[in-house]
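So, here's a batch of structures to check.
You will see two complexes here that share subunit A, one where it goes with subunit B and one where it goes with subunit C.
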Partner chain A sequence: MVEIDAGRQRRSDFLLRFRKSRNAVIGATLVALVVFVAIFAPLLVPHDYEHVDMFKVWAPPSAEHPFGNDALGRDILSRVLVGAQVSLLVAVAVLTITLTIGVTLGMCAAYFGGWTDTIIMRTVDIIFAFPELILAILVAAMMGPGLLTVIVSLSIVWWPGIARLTRALVLQLKNELYVSAAIACGSPPAKILIRHILPNIVAPLMVRASIGVGFIIMAEATLSFLGIGVQEPRPTWGGMIRDGLQTLRTDPYLVFYASLALAITIIGFNLLGDGLRDILDPRVRDR
Partner chain B sequence: MGRYALRRVAGLLPVLAVMIVLCFVAIKLVPGDPVMVLLSDQSGDVELEARLRADYGLDQPFIVQFGRYLAGLAVGDFGYSFRYANVPVSEIIGTSLAITPILALAALTLAVPTGIVFGTFAALRRNRAADIITVFLVVAGISIPNFALSAMFVYLFAIKLDLVPVAGWGSFSQAVLPVLVLAIAPMGYITRLTRTYMLEVLSQDYIRTARAKGLRNRLVIYRHALRNTLVPLLTTIGIIFGGLLSGTFVVETIFNIPGLGRLAIEGIFARDYPVTMAIVMLFTMFYALINLCVDLLYGLIDPRIRLGSDGN
Partner chain C sequence: MTAAAILELEGLTKDFPVGRNRRLRAVDDVSLAIAPGETLGIVGESGCGKTTLGRLAVRLIAPSAGTIRFEGRDISTLDEAAMRPLRQAMQIIFQDPYSSLNPRLNVERIIAEPLENFGMKRREIGPRVAELLTTVGLPADAAGRYPHAFSGGQRQRISIARALALNPKLLVCDEAVSALDVSVQAQILNLLADLRAELGLSLLFISHNLAVVRYLCHRIAVMYLGRIVELADTAALFAAPQHHYTAALLKAVPEPDPRDRSTSPPVEGDLPSPIDPPPGCVFHTRCPRAEARCRTEPPVLAPARNGGLVRCHFPVGALP
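For the complex of A and B:
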């Protein structure tokens, strides 16, 4: 009974601080908007995003096409809305993969130490030796363009950061009394890590993950912009900016709206991440 | 300090070694080699192919090829291009070698002082309008991808206002936009960090002491607060530089600047992997070198770092 009350107390405390944080509220609103658009894009689009109309090539905004049309006469508004799907799909996939791998390896490195630690952390060091986006570009170049490529290459550069953070967090907790108690009781390592340690490192990992989403979406857009990411016919914001750049002088609408969508999304996630850090990290809480 | 420096350099070597092996294996794994380029007209001539392979040493065992590759690297030879027959990679890279570091250093030179000024300015006006606006601009600057920023700047400053050229390289006016675009995100990070560290330092006891003894506010800020803010800032310069190097891939492509970044991207599309790999290797070594310098400098300034138990 006491435990439930404490949990409820903590939750309402979190909500209270969340509502007081300007960053968190604005960020969450923007993120909610983007997620809504991504999920309901098929219902929201005014036109078929793949419909080619050669009579409307680079048509300026009109009542029928509020954002205008692109090089193939396709409706820009519909394509911008559908573009949210790829960005979020990549973000969710990369986060799921990197959190699973990073947390597992980071916990093993910290808990078992010795050779396990050395091998895992040296691998992390090697990946960290590359500037992150350059490594992603390299892997993407070798795999050839596509959705899977983007997810794999971004996962490769993003898991070491999670592993390093997890390791540091677990090292702090490893000598806590309740962990020693669990060991004394004969709990197997897997149970100690999952039942006793994991719940205590979730908050900082959440902060890290939410700040990471901004980076992942930006990196996905960059790969697509460079032409080594997600390909046509699937609309991506990065790809749209690439297409629009050639005719920027006469027809800036495609670049403008795709940039706007990308900016809103990344600003939203970064604000939410900053807000969550302010709320969840006790070191900066009172600042 | 000498031992600390030695330990830092020694820690770097295995990482670089593995990186070189990875790059070499990657080049070997992808299809194509210089012989295929030379043979493009006469594919099927088995005898000629065998002779060319022998000339390039491609008939040797893997480990011998790797040894030769290593020996070449030591003297700046990165092997042959897959795209242009008989042209060494070092020759292709040579002309672009100076451009990218200039671009990155110019952006850094612009970003660091302005970031420190904005950050200090915001911290001293904490939670007032100027601070809130700065903090929002920082988030926007960090969040908007450099290619979107490039497009906006080109449209506004080059096309609409006609102040600078749209693209190209060689004159000062052509360098303005790419340097500005590259500098925005680092400026944002430095502004944010300066603001955070400044707020932290301003709440310390020694600042209160300095004020209590009647020191003028300006002196408190410049002599006591700002100096202590700069030390932790130093550690982030390495990461910022890595971001700048990645940024040149995009910015050089957009602004048509004949630097290493554009060359690497062209290499990807032309399947000229030795060129791309050589550039990635150069960037990684450059990045490692910058991080090493930062670490050593930090160790020099803050003895706690070099005297730490494991140097991490």
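For the complex of A and C:
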């Protein structure tokens, strides 16, 4: 039998399938573009995004300002570029928090069962009973607007989904013989969960996280649109859409470009998520 | 039952809930004892409760009733945490050599896991793993490879190495060779026989293959629908089976005789559902000797003429 390093083989296998999946490639390209813009926004902006110019209020696109100017004469292109920062920051923060909480609680619920399971999953059910955005708005309204509010409120509505998915995955894996073997050789629960179960649920969680980013960014934009999200002067796509809405008929550029940026980002993450699912889910693998 | 038994099962019963208010009795009132160094075989058809019995013996699952005593200590109600220190002395090998090894860990980490759990120092683990690999007949360079690089027989050797790592006193082999090719089966059986002699292991050897059980076991328990129907020394069981089910099983072993053209199956029909077992003797639906009494009155496990125990009103060879 030929000796192959399993880790390396799995990686190259992954890359091969990744390149063959059009969704994954397009999605990854769009996501990479957005991430690049968010990181290097300060260097990419043609103008200071906070610079107010009363002579250019609602100016249409020009050579100097390719996307035009907003109600205060600020450069829309610069504001759209900088707006990527808030969206991604919120997405990364919410994902980190919800994955940590959701995976931990989901694993415990599935592995220990009994009361642990009941308490965790009933909490999840209660949060699920509220429409996601309504709950986020409720929390945001109680905490007052701001970046932290957005992150906390979206984390509260987003972790139960992760917990539920994790629990379902772990319930399946729990019956694997190698888990029984680990119990039989005296491994404590923490070791079984971290060494034997966690590595096997990473792939489906990645898919879920990737598709989830689309939801999180959309929700962040919604909160900002409603005025309970991130506040001025920091530009957010949701806030820009709100600002441009009153003059949509006469000066559509602000809404148009902010929406475009939002759409590209969300489509990028959704395509990446779909692509990853095609690649990582063994059930749809060989199609 | 002697007090010196390493494992003693008494009235062991395991129910699984199936749907509302219904249960499947996988193991029904099983009593057994295994002496140190002894190999006890459990044989029976698929679905007769052998595997459940094996998992009960090492307390991977909890019994519904009855007691499990390990070295005289009742372990039937201990929780997972309380069981952990005892795991050092009892190990299990599973049927499927593919799913019993985590594909993401290399062989060294697989075999090292029980050693880590019982506090072996890091620098002692490497040499011990190498020693175990030699014991089970795998090359030393196997340590760095992953399970997928091995054949079924080699994987089963890895499982055995992991099970032996802690020098257990009792090893449960749950169909440990059934998934392997016949030639590989022989290798693994010889390995188990050698190890048993070398390490003084007690084995609970679960299999549906009579030839395999005969080769390895001192005593054999025959299971049918969760119950033990016959328990006897290997030689006595093969020479003079007392239960009609045992007799039928022995008859079903193919003879290497081309002139023997008899094709009728020794036992007719299917295994009855353990959710709804037949009244009286559970075997009466398929028994060639069944009478009215068998349909109503369940027989008890009683001493038999071959020196063992049999659960039958009209044992083989008895006068009508």
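The working rule: the second predicted complex is superposed on the first by the 282 of 287 C-alpha atoms of A that agree within 3 Å, B and C clash if a C-alpha of one lies under 4 Å from a C-alpha of the other, contacts with A are read in each partner's own complex, and residues count from 1 in each chain.
Note that a residue touches a chain if its C-beta (ideal position, glycine included) is under 8 Å from a C-beta of that chain, and two chains touch if they have at least 3 such contacts.
Predicted model only: the values in this text are computed from it and were never measured.
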Open item on the list: For the combined arrangement obtained by superposing on subunit A, do subunit B and subunit C clash, or do they fit?
Closed with: fit
Open item on the list: How many degrees, to the nearest 10, separate the directions from subunit A's C-alpha centre towards those of subunit B and subunit C?
Closed with: 90
- [ ] Based on the superposed arrangement, let me know which partner A:62 touches: subunit B (first), subunit C (second), both, or neither?
- [x] neither
Open item on the list: For A:29, using the defined touch cut-off, is the partner it touches subunit B, subunit C, both, or neither? Pick first, second, both or neither.
Closed with: neither
Open item on the list: Tell me the contact category for A:246 with respect to subunit B and subunit C: first, second, both or neither.
Closed with: neither
Open item on the list: Applying the document's definition of touch, where does A:178 land relative to subunit B and subunit C: first, second, both, or neither?
Closed with: second
TODO: For A:187, decide between first (touching subunit B), second (touching subunit C), both and neither.
DONE: second
Open item on the list: Counting residues of subunit A touched by each partner, does subunit B or subunit C come out ahead?
Closed with: B
- [ ] Using the touch definition from the top, say if A:195 reaches subunit B (first), subunit C (second), both or neither.
- [x] second
- [ ] For A:100, decide between first (touching subunit B), second (touching subunit C), both and neither.
- [x] neither
Open item on the list: So if I take every C-alpha atom in subunit B and every one in subunit C after superposing, what is the smallest distance between them in Å?
Closed with: 5
Task: subunit B and subunit C footprints on subunit A, overlapping residues - done: none
Task: Interface residues, subunit A side, partner subunit B - complex - done: 122, 125-126, 129-135, 137-138, 141-142, 214, 218, 221-222, 225-228, 238, 241-242, 244-245, 248-249, 252, 255-256, 258-259, 262-263, 266-267, 270-271, 274, 287
Task: Interface residues, subunit A side, partner subunit C - complex - done: 1, 3-4, 6, 176-178, 180-189, 191, 195-196, 199-200
- [ ] Mind listing the subunit B positions that touch subunit A in their complex?
- [x] 14-16, 18-19, 22, 26, 29-30, 139-140, 142-148, 151-152, 154-155, 159, 196, 199-200, 242-243, 245-246, 249-250, 253-254, 264-265, 268-269, 273, 276-277, 280, 283-284, 287-288
Open item on the list: Can you tell me which positions in subunit C touch subunit A when the two form their complex?
Closed with: 55, 58, 60, 80-81, 84-85, 87-88, 91-92, 94, 96, 99-106, 113-114, 117-118, 145-146, 148-151, 159, 162-163, 165-166
